[in-house]
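Listed after this line are the structures, all set down as structure tokens.
Across the two complexes that follow, chain A remains constant while its partner is chain B and subsequently chain C.
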Partner chain A sequence: MLGINQFPEYQVPGAVQHQFNPYENNGGSIVAIAGDNFAVIGADTRLSAGYNIFTRNHSKLFQLTSSAVLASCGNWCDSDTLTSILQTRVRQYSDTHENKEISLNAIAQLLSTMMYGRRFFPYYVSNILAGIYEGKGYVYSYDPIGHCERHTYRAGGSSSALLQPILDNQIGLKNMEEKPTIPLTVDRAVKLVTDTFISAAERDIYTGDGVKISIITENGVEERQIPLRKD
Partner chain B sequence: MALNDILKHMPSVGDMLSDYKSTEEMDFINLSQNKVLSAPPYSNPVENLAKLHENNDNIKINFDHGTTTLGFIYQGGVVLAVDSRATGGQYIGSQSVRKVVEINDLLLGTLAGGAADCTYWYRVLTSECRLYELRNKKKISLAAATKIMNNIIYSYKNSGLSMGMILAGGDMNQVSLYYLDSDGTRTMGKVFSVGSGSIFAYGVLDSGYKWELTDEQAYELGRRSIYHATHRDAYSGGTVRVYHVKKDGWNLISEEDCLDLHRRYEAEKKK
Partner chain C sequence: MMSNNGVNFAPFWHNGPAPGSFYNFPQNNIKSNSAIDEYGFQRNGGPITTGTSIVGVKYDKGVIIAGDKLVSYGNLARYHNVDRVFKINENIILGMSGDYADFQFIKQYIDEIILSDFSADDRIVLKPKDLYTWLTRVLYNRRSRFNPLWLDMVVGGMQGEEPFLGHINIRGRSYTNDVISTGYGTHLALPLLREYSEKGPLNEETAQQLIQKSMEVLFYRDCRGYPKYSQANINANGVTVSDHEVKQNWDLALSIKGY
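Up next, the complex of A and B:
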């Protein structure tokens, strides 16, 4: 890229350097858990940049259909663009298929293909898609260029490395000799999501203020909001 | 639209308009033409995509990376063995990636390098192979499938894609093995290993490999090679999957956690 580095004679004190900086990290964390016949997805409600907090009540959840919710965080303007285009495509699908809703796995593949379409100028976002398909709960997670994988639980965003181990222990029951048999109910999943966010708000400056949780069952999507630390 | 219709009749502007696509169409042009990706707003993505975020400590785009995969051909067919770890930087993004792609009931491919790059282009290849079947009323040969993939990859040479693939399958009533990568390499061979852990896998694989292996010996050689790679390479791990490819189709032989394998091999050593 043509920049000041190619012109050493201009690299003097006081010279203003302009550069193309399209990315910004607006923080935020997202978590999703899939159960037998439900899915729970949560996102914190803080929007920040560097050490500034812009908003304390900012939703990172996007309801796409009656059985699919997308959580998206990272660079907010990228999230906003990507999700609005995705919402348009979801709407186009139902308009061209006699009001039939697009299925969860079709959205999952569509999002992956859309993100890979920007392979050389990626959206700087962390996405998790949760929902139910044919009565079963599913969670899909993405890397910034559209690698998609199905999971039963997943954490993403600024404190993914803090949240994922809690889920690995409580739901994945990883590396245990004697595994306890606690059924995963909607109540337990919601409590786990809340607890993970309380823990993250304790140690991550980009996570806090509140959690928005969407509970997806066959009866539709129920939203809840739980307050977090505001410091 | 009205203005658009009038401008169409003006020769100089009309030509431009017929080529015009909205930014949304250009960004997601791959939804209608799956081999075309949108162009970046800068030149030379290999160097400049990295520069976009090097000035900002906060921004790190870590794509899922890191792998050990191997494939070898012996008297009973082909064995493919892979690990299942995906890492983005230092963080283990997933321990459950399926790194063997089932293209159709004759062809298998392994996935190393950028996870999104490989999965996307394998999906394109799968559709190309199915289209070939529909057009020609016969299954595509491995040679043809790898050539299609190679042509696509080569058209994106030096644009920053990162892929290393081993493809195996029935071809002219025999089994063969190909290696493809994002530099445009396409070679047929007997023993391949790809990924960050390949150097460790080769050590075990080369010392145990011979043409006359029985099926069970071959599975165990593949499994053990991947196990040793997961043991020494931090970017490899998770579960070890072993596939067997014969000329009439493939089978999934085993999926075993590295920890279970470690315990088994340690116990064998103590005997």
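Up next, the complex of A and C:
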């Protein structure tokens, strides 16, 4: 095929050459905490790329069942595709199993398999899955090619490096001589998630506008929204 | 070529076949694998004839989408009277920016969908969210094949009683918002639109004024802009597509000195 490469004399500074990059970083941060009998998961509501903010009210949380919520951010078109395929698979499971809901650990494995299926053209996304299974709170986190790991708390997305140390200190109680014994309640988990996002919005331009928090307990999923700075 | 583990063998004789390569017969000037180098196949993709910004605003009872009537060929103002804002059906309006040829290609399929939807004669008419999701899927699949449709589209309409406004880009990245703009509009028009829309829902008159102001700013500052623009307005009363022109005022130009 003839292209600019065949005509080196036309390769001058003025000639615009377009090259296509299938990936775009749309930012966004996600955090999840697992408690004894609950899980809390939060995501900011900004959708951006470079110095542009596309929308300030954009949910990155996906409720998959009455006890599982997925947070997904990174390359939004990949998140969008991955989550809608996953939602279809979750629906197909219940349709073929007498309306039984798929369990959290089954979703965790399914998501890993789906992401690894695109090993050589990955979904460029950061995922955290939170929920309860047999009464206990769980958090799973993923890398873009499907590595899955279970945690008690996890931060992901553009501010993961800002949020994770706060959680390491407040919940992990890392490197302390005398560890405080504050019980992790739903209330404290929600407050912690809110605080981490407030600090992230202060320093990260890809995080802000608002946080959506889902609280998963035996009674189902409760949603809350807290405003963040919008600059 | 990677077929010989990156090693290129010399032809057996002058202009003759080479081990592990396709043979180009004499008299055949087309090099069948000229675009394939050690990095694989390279397509000649990129926008050629392009439309610039589209501006979309949602108001309390409907949506307005506007875009100028110019289609450029690089820096050349090639086609001066082209519609880039369309009525798709009674529920949907659409504005395009990006490669106009890619749009004409996708428009054929949209028209086909609308025709088959109409032919079903079931009183269920395609809604904006349906087209928005469909376009998202098409653009995502094309980007995943590294053969993207170079488009930035704004879909608006009435989703039942509710106004709808969504944006889909070349990669199939889509979102909905109260105000949307593409191209230079994201820098020039969006701040203006957000200043008003974030205070609460707009009414039709303010939305109309905002669109007018945005098109004016875009004409003055976007090199690929044009004073003539078309706009589509959709609400419960139906769709109206109309032509407008920016009222130009160059009085200020006389006072600019020193260049």
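Everything that follows uses one rule, which is that the second predicted complex is superposed on the first by the 220 of 231 C-alpha atoms of A that agree within 3 Å, B and C clash if a C-alpha of one lies under 4 Å from a C-alpha of the other, contacts with A are read in each partner's own complex, and residues count from 1 in each chain.
Note that in this section contacts are C-beta pairs under 8 Å (C-beta built on N, C-alpha and C of every residue); 3 or more make two chains touch, one makes a residue touch a chain.
What you see is a predicted model; the values in this text were computed from it and never measured.
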Check chain A with both chain B and chain C modelled on it and let me know: fit or clash. fit
So, A:58: does it touch chain B (first), chain C (second), both, or neither? second
Just chain B (first), just chain C (second), both, or neither: which does A:121 touch? both
On the A-aligned overlay, A:24 touches which partner chain: chain B = first, chain C = second, or both, or neither? both
Which partner does A:92 reach: the first (chain B), the second (chain C), both, or neither? neither
What is the angle, as a multiple of 10 degrees, that the CA centres of chain B and chain C span when seen from the CA centre of chain A? 110
Can A:151 be said to touch chain B (first), chain C (second), both, or neither? first
Just checking: does A:80 make contact with chain B only, chain C only, both, or neither of them? Give me first, second, both or neither. second
Who contacts more of chain A, chain B or chain C? B
Which value in Å is the smallest Cα separation between chain B and chain C when the structures are fitted on chain A? 5
Common interface positions of chain A, toward chain B and toward chain C: 1, 20, 22-24, 75, 121
Taking the touch rule as given, give the residues of chain A at its contact with chain B in the complex, in rising order. 1, 19-25, 50, 75, 85, 110, 112-122, 124, 143-149, 151, 160-161, 175
Could you pull out which chain A residues touch chain C in their complex? 1-3, 5-6, 16-18, 20, 22-24, 26, 47, 52, 54-55, 57-58, 75-77, 80-81, 121
Help me check something: in the complex, which residues belonging to chain B touch chain A? 24, 27-31, 34, 37-45, 47-49, 51-53, 55-56, 58-59, 61-64, 86, 88, 91, 93-94, 96-97, 114-117, 119-120, 159-161, 259
Touching chain A in the complex, chain C uses residues 34-35, 42-47, 74, 136, 140, 143-144, 146, 148, 167, 170-177, 186-187
